[in-house]
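There are two complexes below, and they share chain A, which is joined by chain B in the first and by chain C in the second.
Moving on to the complex of A and B:
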């Protein structure tokens, strides 16, 4: 009951949307009624367009993000452990950190064309930096006493990395990955909007250009919902993963 | 004896002072070493780029040498194209950011004070924050057309969320004692907000703004890429369409410099505004 009451404003917004569109307060092509958007969504699912393009997008997004987590996480941990690497790589991380990642879209197209490869590369490059910074800050904050006692108990470097440094770096690393997750959605959708022949962004642009605005709204809302749901699920995952902390 | 003690004392304090100096020197050396290593790494990156591009392993189309890209930037700067594009992009990003900053802080402050407003906006903010709002770009184009208004609107739409949440969190974290003593001294609710609560929440609000600024720049560039026209993003996209790879790489370097400068400027503003705060004192 409490939960429904707290989400009531969203229902009110939906009702207001429907009413404004039905009463023709604005042009119906600019704002089709929500109910028609819902019908268009069902059609897009039945016709397979939404499923096919969605699968393409999710494939690109998850591969790019996975590579970024592995690459960025590894780099961040190594930077925190080896000072020489830190001294020389950190300036480069600092240089690329403020780079608006969307600037990479045309370059990845130049290198790998319009297909999956360029999107995966874009997401990998764009999402790597926040993961690196999260892993680096987390690992640097790990307790020296823990590291020393692990070493004195005879843990070798790799073992110590995995058993001591990674767990203590985990909270910040996971936060970095959360930023990367949001960034992955942004980069994915915008690169597909700008240059693509497949995917959510492409479908949005295509439906918009053919004037089927109900469909366009349906896909936009789907993407927005997926971004929201991914973040919520990820937060639950973090809670589960960090349940050993108090 | 007393003289000897005094001399001993002197030597001790001298030793302490010397130790202090050598510690300072070591720290300065460390900072200098890091700074030097920073410039060194960037130089190595640029030289490696130049050598790799000229080695024949990649075509000049895939990776034009850095010197060619620098030449291109210089030519654009002389021709005035660079400044026009830069101005347009900065205008859109900064205007959008400013609107998001003022609107976000205002909304956050009102939400903190009014339960009804908070009840209404809470779910909207918490659902809207993690959404990829850039997906709404075609809808905003549909409503507002292809010009500055729609580009600035999408920037505001994207950048406002971190400001609102940071303002809310900051205001919620203000110590109750501060508010109570302010109230005791006869401050009105308005004075409490402006003179006690908002300044106390300023560090967190500024953090929200520091998150929002890069978002504003990213979104402004995406909007320019999607809609075309003037601006750094539009120029990069048309360079890419005409397979003008020097133009694309020139765009990246320009955008990287702009992003770097903006973030540094924001950090500087933070230090200026928080001179009174212990966060700033700890740095010195």
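Moving on to the complex of A and C:
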């Protein structure tokens, strides 16, 4: 009941949207009715534009995010265990943290061109930061007594790292990845919007510039839905992975 | 081997160096021998370095001066010949009771069938049958400590290091666990070093009690506390009460000193903060 109720605001918003557009309260080219947006969506699916561009975006997003999780997770864990690495890398992380990563869009294009490479690099760089910080904080918080217990039961240092430090870091690491997941969508669409010949962002920009606003809205809503669904699925995954907590 | 010492602690000093602030001498010139299959209690006020001494024997902290020899070999690192039980259990929260107990056996590369059998035997020994698949967060304090003890006993260390293992339990659970520990120890005799600040607990459990001074920790006295029979009624006997008195007199002075050290430290901290 409560779960159903939580979707009520969305339904109301949709109804309001349709009504405002139908009653011409707002210029219908700025806000086409939701039903027309829905029809445009079906056309985009049939024509293949949405699927093709979507596949390109999802490929870039998932590869960039995966690299960020592996690189950032590894870096954060190692920083927490080796003081020298911490001393060297921490200032870089702090310096890079407040930088709006979208400022790097032209830089990555300059390095890797207009294709997949520049988007993947951008997402990798941007998403690595929250993952690194999550892994670092999580691993730093790992309990001495657990580390010692594992060592006294015959685990060598590497084994202990995998068996104790990684699972101890997991709750914070997973939160960092959640932030990275949202950030990946932002960076993906904004970089495609600016410099790309493919992808969700490109499609939004193209449809907008050619005046097909119904189609433009359809793609925007698709991206919004995918972002929402990815976050929900990820949260279920976390719940399952951390089922040992209270 | 009998008659010989299993653990030799010789002229050990230890300085604790906090990341900020002055170094603190935690242990000063500590020497102590522990015999095979002896139950020895380390008794002292909080902050006297008794846990530090235990961690040194465990190999968790490096021995800086002096030496610690276990079964003829100097201690350099932790090893499965010395099992440890901590006050706050130190169970792997992401592993079930069974998986926690299996962990040490897996690290010892015991064949699967054998380790499953052995884990179950120790689950039964500590009375946790039916809770094999529970996670630590679902257990009471007493059950957590039972799991931790089973985990350590399962990989069969010669030496059991216990760091105030019952300190986080309520009084009733604590009394039950003490009796249980004695029963287990009678069945599988191991060398035990048991750290505590509870005089009664030390006298009830141990055969010898090493009393430590307030910081820097020194061995102030070693008192024999052997009784013919350790049933729970022992605690009301005249000889037991006298032993507790004797030890309490030794500890009280140190406990008072420890309090004034602590008060002084808090004073020093205030102006700087």
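Just so we're on the same page, the second predicted complex is superposed on the first by the 244 of 246 C-alpha atoms of A that agree within 3 Å, B and C clash if a C-alpha of one lies under 4 Å from a C-alpha of the other, contacts with A are read in each partner's own complex, and residues count from 1 in each chain.
One rule holds in what follows: a contact is a pair of C-beta atoms (placed from the backbone, for glycine too) under 8 Å apart; a residue touches a chain by one contact, two chains touch by 3 or more.
Here the structure is a predicted model, which is why all the values come from computation and not from measurement.
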| item | value |
| --- | --- |
| First, second, both or neither for A:149, with chain B first and chain C second | second |
| More chain A residues in contact - chain B or chain C | B |
| Contacts of A:139 with chain B and chain C, given as first, second, both or neither | neither |
| First (chain B), second (chain C), both or neither touched by A:244 | second |
| First, second, both or neither for A:79, with chain B first and chain C second | neither |
| Partner chain(s) touched by A:122 [first = chain B, second = chain C, both, neither] | neither |
| Which of chain B and chain C A:69 touches, first, second, both or neither | neither |
| Which superposed partner A:180 touches (first chain B, second chain C, both, neither) | neither |
| Chain B/chain C common contact set on chain A | none |
| Chain A-facing residues of chain C, complex | 55, 58-60, 77-80, 82-84, 86, 88, 90, 92-95, 103-104, 107-108, 135-137, 151, 155, 157 |
| Touching residues on chain A, where the partner in the complex is chain B | 6-10, 13, 29-30, 87-92, 94-107, 109-111, 182, 185-186, 188-190, 193-194, 200-201, 204-205, 208, 213, 216-217, 220, 223-225, 227-228, 230-232 |
| Complex interface listing, chain A residues touching chain C | 143, 145-146, 148-155, 159, 163-164, 167, 170, 243-246 |
| Interface residues, chain B side, partner chain A - complex | 33-34, 37-42, 44-45, 61-62, 119-124, 127, 130-139, 141-143, 214, 217-219, 221-222, 225-226, 232-233, 236-237, 239-240, 243, 245, 248-249, 251-252, 255-256, 258-260, 262-263 |
